[in-house]
Structure formats: C-alpha cells, structure tokens
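Below is one structure, written out as structure tokens; the observations come after it.
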Amino acid sequence: MSDNNEAPPPIPPDDDEDEFGVIKKFCYVNRKAPYGTVYALESLEMVLIAAAFDQDVSVVFMDDGVYQIKSDQAPEAAGMKNFSKTYRALEGYDVEKLYVSKESMEERGLTTDDFLVDVEVLDAAALSALLAEQEVVITS
Amino acid sequence: MSDNNEAPPPIPPDDDEDEFGVIKKFCYVNRKAPYGTVYALESLEMVLIAAAFDQDVSVVFMDDGVYQIKSDQAPEAAGMKNFSKTYRALEGYDVEKLYVSKESMEERGLTTDDFLVDVEVLDAAALSALLAEQEVVITS
Amino acid sequence: MSKLHTVNKSPFDRNSFDTCLTHAEDGSAVLLIEDGVYAAVAGGQTAARITEASARLKVYVLGPDLAARGMADDRVCAGVSVVDYGGFVDLAAEHDAVHSWL
Amino acid sequence: MSKLHTVNKSPFDRNSFDTCLTHAEDGSAVLLIEDGVYAAVAGGQTAARITEASARLKVYVLGPDLAARGMADDRVCAGVSVVDYGGFVDLAAEHDAVHSWL
Amino acid sequence: MKFSILVNEGPFTHQCSDSAYQFTKAALEKGHEIFRVFFYYDGVNNANKLAEPPTDDRNLTANWSALAEEHGVDLVVCVAAALRRGLKDDILASGFRISGLGQLIEAGIQADRLVTFGD
Amino acid sequence: MKFSILVNEGPFTHQCSDSAYQFTKAALEKGHEIFRVFFYYDGVNNANKLAEPPTDDRNLTANWSALAEEHGVDLVVCVAAALRRGLKDDILASGFRISGLGQLIEAGIQADRLVTFGD
C-alpha cells in the first residue's frame, strides 16, 4: 500500500496457532464508499496487517462499503491514489472470507459482475448470522 | 466563545456601509447536530465574526441543525463545553434573522417552545425562496 | 455470542441506526450514544421504530449524551433504559462483544 | 439569483441529496461530486429521483469522480451531463452563487 | 472572475481538500483570479508541513504550497481553529499564513463567488 | 475484565474522542484493566501536544496524558496514520507512543473486549 511507512506484512507461515496461541474470529465491517473519505484505504491497510497474525479473518462489505470493490476504479484524474488492486492481493495473505450484502448491492444497481474480487453474497438474515458469531468486530 | 483565541468582535456601529462599501446577503446554513461533531460550535464562531462586518446576515437551522438551538443543553456531564448560550447573544450583534425549517422541526418531534432563541419558522417553499436570494451561502 | 451494538449517528442523517436494527439479532442490546440518542426521543419520526425494536432487543440510551442535547429523560420513548458511562461499561462487559455501527 | 448546488455525499448514507432536491429552485443547477456521484448511476434506487429532478433542474456529475469510483459515463442516468473540473469552474462562474450542501 | 475557496476538512481524511485543490487549479488555468483559499475546521490540517504521505500518494500540503509559490495564491489558516488543533507556526508549511476568521468574511465580500468544500 | 479501545477520529472534531475517554475512565473506576488505547485514522490527532483549546473547554490530549500518568494506560498511535497526517515524535504528547498497526490486532486478541469509537 505504501512504500515509506510500514512495510506490508510478510505472508504468514501456514501454522495453526499465532504467536499468542489464540485464534479469534475477527470481522472487518466496511460500510463507507472509497475516495470520498479515507476509511476504505486505511481499513484495508488494517486487514493486511491483521493477516500476519493468523487470526480467523472475515471482511464484510455492506451499505456504501460495497462500492469499495467496484471494478475499474480510476482515481488518478481526481488526483488520488488507486488502491483497489490491493483487494485482489488479500487472497495471497490468506484473507479469503469476503462477504457482500445482497440488499446493499441491489439497491445500488450493482451485480457480482461489478466486483474486482470474488465474494460471497449474503442476504440480510445470513449476514446477521455471520456477524453474530464474530468475536472482534472492527468498524470504521 | 473562547478566551485565549480570538476576542469576540465588538458590536459593530450602526451604519449602513461596511468597511468595504458592499453589503451582501450572507447566509449560514446549519444542518448538523451539536456536540456529536464540532461544526455547530465553529459555525457559530463564524457567525459572530461575520457580524462585525455589517453584512446582511441570515442564519438557517434545518435538518439536524434544528437541534443546535434546543433549550436546556447540558454537555458538562459528557465532558464538553456548553456553548448554547451564545445563540442568545446573536441579537446583541445585530444577527436577528434566524430561520428554522418547519418540516425538520416537526419530523424530530420539536416545537418552537423547545428553542432557546426566537426564530421564524419557514415551510419548505418559503425556505427555498429565502435561500434562493442569498448571495454568499456558507455551509459546514 | 451475545452482542452489544452501539449507534452514534443521528437516524435522520445517516443510515447506521437502520442498518443496526436490521442486523442486530433478537435478544441483543442496542445502546444509543452521541448523536444517536436522538433516535430515542418520543414524538419524532423514529419513535415507532424504537418501539418496534424494543419488542425484540434491549434498547439503551446514554444519559449524559441526552442531557448534553437538552433532552430530559422524560422525553425518551417507553421501553428505552437510560444508562451512564458506568452502565455503558457494564453493558460492554456483560455481552460477549461490542459492535460499533460507524 | 441563479444557483449552482453541489452535493458531495452518497444519497444512500446521508440526507444532503434529498434536502438539496427539496430546496433547489426550478431552473437551478445541481452538480454531483465526490461520493455524491453515486446518485447519478442508472439502475440504483436513486435513478427515479434523478429523472424526476432533471425535468425541472439541470443535473451534472463530475466525470473524474465517476471514473475514480469505477463508473463509466454510460452508466449515468439519462438527462445528466458529465463535466470535468473546468466545467465545474464554468458552472460556478455562470451562476450567481454556489450552495454546497454539506 | 474572482473566486474564494473555503476548505473545511483535513487532507486524505476527506476528498474535499482534493476537490478544492483541483477546482482552484482549474480556475487558474481558465484565467480566473483566486482571491483567497481559507482553511477552517479540520481544513487547517492542510497546512501541516510534517505530513508525510506514502511516496506513491499525493502530497496535498506540498500541492497547496506550490500553488502559492507559482500563482501567488493567498492561503489563510484560521487562527482559532488552528490553535484548537495544534497547528502552530512551527509546523506551518510554506505559502500558508495564519490569520483571523475575518479573512473569510472578507473573502466572501470581495470575491464574485465563494465555493465551499467540506464534509 | 480487560478492555482495549480504538479511537478513529480527532479531538473536538468528533465527540468520539470524548466518548472513548469517558468510557476508559469509567472502566478504570470500576476496577477493569485497560489493555491498550489505540489511535487510528484522524484519531492520531489526539496525541498532538501543540493543541491549545480555549481555556474554558476541555483539553483531550492533556486528559489522555493524565490517564497514562495516573493509571499507566498504554496509549498507542498508529505510525502509518500518523506519518500521513504529520503527527511526529517532535509534537507527541507525553504518555503516547508511536507504533505499528500490529499493536491494534494484538489489542483485539489479548483483551476480552475491543470497543471502537469513531464517525
């Protein structure tokens, strides 16, 4: 994501226990659109770091958060940095549980073809059930 | 409003021309609730300063902005400063055109008895007409 | 996993109140703080949703934030309990996790 | 006084889009920028309101902000014109005042 | 035509600083005059010279300083908003000056248009 | 019980810093342990020692520093968020330290509850 701040974490070794011997269900809930505010970008930096701790990580995109993974982002003409490709790198960090709210997607006229990563689409009931079982919920 | 930053402006002399010889219709539009964010407080500081320039000032409270002039504010227990009495001082600075959106007030279960200053209540059509004639609109 | 949900934005300006109510599971707790407390004021357009929600969720509102905004406790919708910061801490401790709906 | 109104927030999250449309006088111009551009995307829940608005207002959307968000010009609702920053400046100059609906 | 610009939010956190910068640049390119850019609320953080964004990202503070340098744009930071947020002369980037809110009102009076960027 | 706190917004601008401070203080008064307070996004601005709010208003930076002094609360500012916003060691208030995002994840793992305050 950046080249003069923190280095991205190394891809973690594939063991079952992290350095603290505890694996918790961590859930990052993204409800804000990218670019208008910095939350999407810095939340993504958080998820990348989290991956190095070998926790059970889920990332949820709901409400305007579904716009974060829209394909074809080109913020250069507005003078901003394109960080959208980093979502594609999540898989390499073993962050593979990406969920999208079905209702949020549909209200905005989007389909799964619009997304730049593979996601699992959940309706409100299924998303509520997923959220209910999370142990650490990080929102921004 | 503060005692170590800028002094409040003196009450301006009652002449018809400001130092630039131009009088414009300035309108401050407040749409945000107080305390949750700083906008209400710093917008009020702006209105006070504006008064010293002898312009034709209107202040509009609409949407959550109507909460700014709710009586009986007591933010001390939440560790914050009570700046609501300053709205009452506006009259002394010749800022007398205060308007409230009728629809915004009613949607929130408020009546004019809830306000700590005298205001003119305008319905959407009247408020639109008032806004339409403003020359400088300052929002926050 | 029992959850404490918090909502800190006005229900008139943002969608976090609605989204929280849609996704909070039956029996979980919702605490309204900061500008979120306006949702609990009787007589406004959100009162019906609060009443509906309090049938299946425990709804709380932070007293110091109500007072800050000039709302006396007697303006709070029926079914909503007023707590202070200590009560907020207790709620966070009593539930398994806290979900802040930012 | 002819006005240019700007809206920079998502219509799904905030009320500034609705409030702007309620108060913009017939014949005035509305420019959607930043996260406000999502209101102009066809197929979503705001498309009907844009169509309705464009009958009595001139509706514009900022192209660089659309592109930033991965929305091609051909996804914009009919009746909405795409402008760049220079076009934004021209609109501000052509109208008597700018009202930013923050 | 004479424009004044009001910037209400900090760089990176909100796009409003980018939008204000792009608008100002486009206005200058079209031959308009920028009477003043006024920074209020968190907008004062645009003037923090210690800001060090990742090198592959834009540096808004540097961009504003360059506009002041190249076009003589008057960049004014509100003193009251700046004090509250710890934006002092020690960390003020080049091309910015700290002054009172009256400068904003003057900017509204003197310019043909005031354009506000915020949250 | 062990709490960790995440603060996402700057002081004054959003009440979230006040709420986080009041929550932390109430938790300590009830005998709970605060494992860490982590400052991310604009939350890093809580650590700016140059902040000088009006004397009749609260000083959140000083309040946090006092919590660190009196209760040994670990106040950690994210290095990446701080660099971007110009929050450097030169202007870091007492009781705060700058470190990596890993400290937040660790706070989430080690504490019984992570409570987030933001916009």
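Miscellaneous remarks
For reference, chains read A, B, C, D, E and F in written order, and residue numbers begin at 1 within each chain.
Going forward, a residue touches a chain if its C-beta (ideal position, glycine included) is under 8 Å from a C-beta of that chain, and two chains touch if they have at least 3 such contacts.
Not measured: the values here are computed from a predicted model.
Touching chain B and chain C together: D, F. Judged by contacting C-beta pairs, the busier of the interfaces B-E and B-F is B-E. Separating the centre of chain B from that of chain D, both taken as means of CA atoms, is a distance of 27 Å.
Each chain gets one centre point, the mean of its Cα atoms, and the points for chain D and chain F are 38 Å apart. Look at where the CA atoms of chain C average out and do the same for chain D: the two points lie 34 Å apart.
Within chain B, residues 2, 4-5, 35-38, 63, 78, 80, 136-137, 139-140 each touch two or more of the remaining chains.
The set of chain F residues touching two or more other chains comprises 8, 12-13, 15, 19, 22, 41, 52, 54, 57, 83-84, 114, 116, 118. Contacts with at least two other chains are made by residues 8, 12-13, 15, 34-35, 64, 97-98, 100, 102 of chain C. Chain pairs that touch one another, listed by label: A-C, A-D, A-E, A-F, B-C, B-D, B-E, B-F, C-D, C-F, D-E, E-F.
In the complex of the two chains, the chain E residues touching chain B come out as 6, 8, 40-41, 79-81, 83-84, 100-102, 104-106, 108-110, 114, 116, 118. Interface residues of chain D, counted against chain E in their complex, comprise 8, 33-35, 64-65, 84-86, 88-90, 92-93, 97-98, 100, 102. Across the complex, chain D is touched by residues 32-37, 63-64, 67, 70-75, 77-78, 80, 84, 107-110, 114 of chain A.
Interface of chain D with chain C (complex): residues 12-15.
By the touch criterion stated above, chain B contacts chain E in their complex at residues 2, 4-6, 9, 18, 20, 22, 24, 26, 38-39, 42, 45-46, 49-50, 52-53, 55, 136-140.
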